[in-house]
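You will see two complexes here that share chain A, one where it goes with chain B and one where it goes with chain C.
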Partner chain A sequence: MNKALHRYLPILALLALIPLWELICYLANVPNYILPRPSVIYDAFINVDKMRWLEHLWATVRVAVLGFLLSIFISLPLAVLMVQSSFLNRTLFPLLVIIQSTPVVAIAPLLIVILGAGEAPRLAITCLITFFPIVVSTTTGMLSTPSELIDLSRSLKGSVFRQIWQIRFPFAIPHIFSGLKVGITLAIIGAVISEFVAAEKGLGYFVQFSTSYFKIPQAFAALLFLSIISLLLFQTIRWIQAIFFAWSLPAEEQK
Partner chain B sequence: MKPFVCFNKVSHQYQSNTTHKVQALTDINFHINKHEFVAVVGPSGCGKSTLLKLITGLMSPSEGSVEIFGKTMHEPRNEVGIVFQKPTLLPWLSVLDNVTFPLKHQHGKVASEAKQYAMTLLKLVGLEQFAHQRPAQLSGGMQQRVGIARALILKPEILIMDEPFSALDALSREIMGFELLRIWEEEPKTVLFITHSINEAVLLADKVLVMSPRPGTVVEELPIDLPRPRNNTTLKHEKFAYYADILRDHIFQKHAALNE
Partner chain C sequence: MPKRSSLPSLLFSMAALFTASLSLAADKVNFQLDWLPGGDKSPIYVGIDQGFFAEVDIEVRINQGRGSTEAITRIATGTSDIGIADIVALLQARAADNVPVKAVYSLLSQAPHAFVVKKEAGIQSVADVKGKKVATSPFTSSNIFLPLLLEKNGLKESDITLVKTDPGALGPMLITDATDVVISWLTSVDRYRSQAKQAGTELDVIPWYDAGLEFYATSVIASERFLKERPDVAKRFLSAFHKSVEFAFANPDMAAKAVNKKVPEADIPTAITTINSMRTLVYNSVSEKDGIGTITPERLQLTWQATAKAQNLNVTDFDPESVVDRRFYMEQ
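Here is the complex of A and B:
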């Protein structure tokens, strides 16, 4: 197969879906409130002011990215502590599992009460939903360091700090990126949930607002934006890995 | 002359659980002289890895003492370099940076003279043109050469090699054996070489220690009186098969005795 065609195949497949969707909805006469046609969604998108779109878009991206960064900031040191101390591992891990298995949607209203109506609860919700995969993948990665290298470090009498920074942490990079890829998609979900609960802007808020006024095509337009953001953020993580940590990719992906 | 390495009545037990103790090594006595090449052979589970941890100072024996240059080992020392079973290089560093890694790990930085010395070592192991490549681009044998260069960077007097060629295919393994002899002749060191291969032990060593299965102890100390430098013709030497047979007998007799 042609190389360029092979490369753009996923995007072409997605684009091909649009006329198909249009056609089926048109032929089956599906009402707009069930599944609007792409052309109707496009009209709805045009009808909303560009600045308004940008405002909502920015609010969601901002919460998702900041919450995600915050969760990295918390997860990585936490993982290091849990690897270094079996006491912390034994005590913290069950707690993390409990936090993770409690539905964030259920905690969200409580967090609004506790943290107020500003940006703080939204960041907290995003952070809560994203940090677990990052902690788990980082811990697993650091523990998968070959024992010979730990012996080497001990035989050199390297400090604990250098053992972590020069050996364990870099060894965890492939695992960390797996965690980050899962985390970034969850970050969007976290941001949307937080906007459902308490917000006056953001795409999640806009979806809720549109549906409550029965503007289904407009909600679909917002939904598409969310998917696109999700994809772009996910790609960004992949690019960061490919540019700065190319060695951590499987051999066939390094080219 | 005082021996470089000396094991005095060394025994070691592991606490496997609160009531049970596992005797890994009992009453080990041997010494290694300066620039002597000593091989250790024995079946699996004879406590070779415990021996390795004791001689590198990563563990202290339950009884007896391990002395290096007449001083008891209490902690790891730079005079002892280790080559591991697997190369275990750091995939994110270049070959050169892998060789200088022990310095970086110990001091936090690498002086430019050290980098030059690392290049000399890479030349010694025949990899100077690969200095700036990543380990993943190297074959298993080449990676293990980098492992040897890394073990030499701190200029150790004693080199401990833990089955270093066991992960290689048979051909590379033979080539690496001769390579090691060449390196050892150019850069004489006191070597303790742990292996499962009787032929490898006879080919390389001045003296072979045979260990028995758990609890591990040295059942035979066999000096190998074959001319040096050793090469392909050594394998055909009339006494080569003779030494190999003695070792084989010692290893399998012990096995037979256990099975009765």
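Here is the complex of A and C:
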């Protein structure tokens, strides 16, 4: 019993919030245009056709996941390059920090002008927001490899490829996964930002549409949807780690 | 050698087929909105729905937008051919950067800016806002014209307390008396009204065009390239667009349904209210005198003077006539 309770504690904590929220709004008589009650949000949710929800949901998940995959595709090789070459490390890193610290919202309109009005700017925005934690954590992970192992592989004339693939990567796996976990939650934020700037579908677009018509409960319904997707995607990364890289988890999580 | 002799005839028939299919295909036009779809954008939707564009052999694709500046940029860069944007934003863009975009048709001959107040506050004119708290959203184009409006009504900026806040907070602030006045577009006033109704209070509206701010606003704009390369398409498009505008205001319910059909997020009752609330911006003494769509040099000059004054630009540095091309729309 205790074990089952422990397992479902996060969900129970979230569910307990709902009646509390309803009660506070009811007692304090909070108007719907300031903070809608869960029951009103539920009504707004039901009022939107299921297919519409699915369309918006699919558009956002698609941008978030594709943008995230794109950023992994860019980040991992970049991290390898930066670990292998101190020249690249010193030249690329400041550039990456500049890219990361530039507010994407500010350059989003430029991206649309450059990349056109299709899906490309949305993927670029998502990728720009997610890639940094993945590069940093992968680089840190690969650099944390004990130097004796690297020396050993060199003395045995192991190829650079084997050194990276068989020594550095396994050491970096826990770091890479923590980067991926941060990255996937940012991917949803990135997708939503990109939909604020240029989209005709998606939950971010739907939130913007709803708020610009003062349909606050409807916007909240979409926001809750976004949180659920974030949780699910985050959990997916944890599952992937638990299934394929169980050894990389801390001892207490392996049980 | 049958093969050889058949080749030219084959080519010929293919060419004939190709030109035939070319003449059958409708001209494709990318239309740019200046914001999300809604009742105020209904003419283009109802025009497509009623087949007005198909009648003149034009196939329209609508691109949604996020503000006039973005719409102008997208038309300038060729993502869209023609669209709608505030002519004030176009005047600024051309004065600053000479973007290759021209205004071809005036949709709103009065600017939509207004003050919204609670009925019980007793504010009946612009002069009455003296000493009051005024709330506005940070990015609305109304802000540019506020100092000019105050000046025309004998007030200074220091006579009011201006608060800039998120657009979603404006209605609640007005209702909870956190502000006395809210700056809004006439097309959004009904949304504040419904919030006020929930709170059991009523609102009054003071349009700025009644207080000395007389100029054009939302207009149809097109890229110079589109106008140069496809002048005939531009003419046909504008005649169908004009027909769509008249149809939309004569049949708000059908216009609202047409928007909803393409964009289900835009609900029909809200769209109908928006169409009705912007009617006076399209049908007014100006359009009665000059005709809807017409951009007169005199009123354009007024628009530029207001823009230049509000933006601290030199009025004589730029000729507003360079922003307009009148060859494509003739009043019908």
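As a working rule, the second predicted complex is superposed on the first by the 254 of 255 C-alpha atoms of A that agree within 3 Å, B and C clash if a C-alpha of one lies under 4 Å from a C-alpha of the other, contacts with A are read in each partner's own complex, and residues count from 1 in each chain.
Operating definition for what follows: a contact is a pair of C-beta atoms (placed from the backbone, for glycine too) under 8 Å apart; a residue touches a chain by one contact, two chains touch by 3 or more.
Bear in mind the structure is a predicted one, so any value in this text is a computation, not a measurement.
Contacts of A:D49 after superposition: chain C is touched, whereas chain B is not reached. When the two structures are aligned on the shared chain, A:F73 is found in touch with neither chain B nor chain C.
When the two structures are aligned on the shared chain, A:F87 is found in touch with neither chain B nor chain C. In the superposition on chain A, A:P31 makes contact with chain C only, while chain B stays out of contact range. In the overlay built on the shared chain, the residue A:F244 is in contact with neither chain B nor chain C. In the superposed model, A:P109 makes contact with chain C only, not with chain B. Looking at the shared chain after the overlay, A:G158 reaches chain B, while chain C stays out of its contact range. On the side of chain A, the complex with chain C involves touching residues 31-34, 49, 52, 109, 112-113, 116-117, 196-198, 200, 206, 208-214, 216. Taken together, the chain C residues at the contact with chain A in this complex read 35-36, 38, 63-64, 66, 70, 73-74, 77, 79, 167-168, 171-172, 191, 194-195, 198-199, 264-267, 270. On the chain B side of its complex with chain A, the touching residues are 53, 56-58, 75-76, 78, 80, 82, 84-86, 88, 90-92, 101-102, 104-106, 108, 134, 136.
Residues 146, 148-149, 151-158, 162, 166-167, 170-171, 173, 245, 247-248, 251 of chain A touch chain B in their complex.
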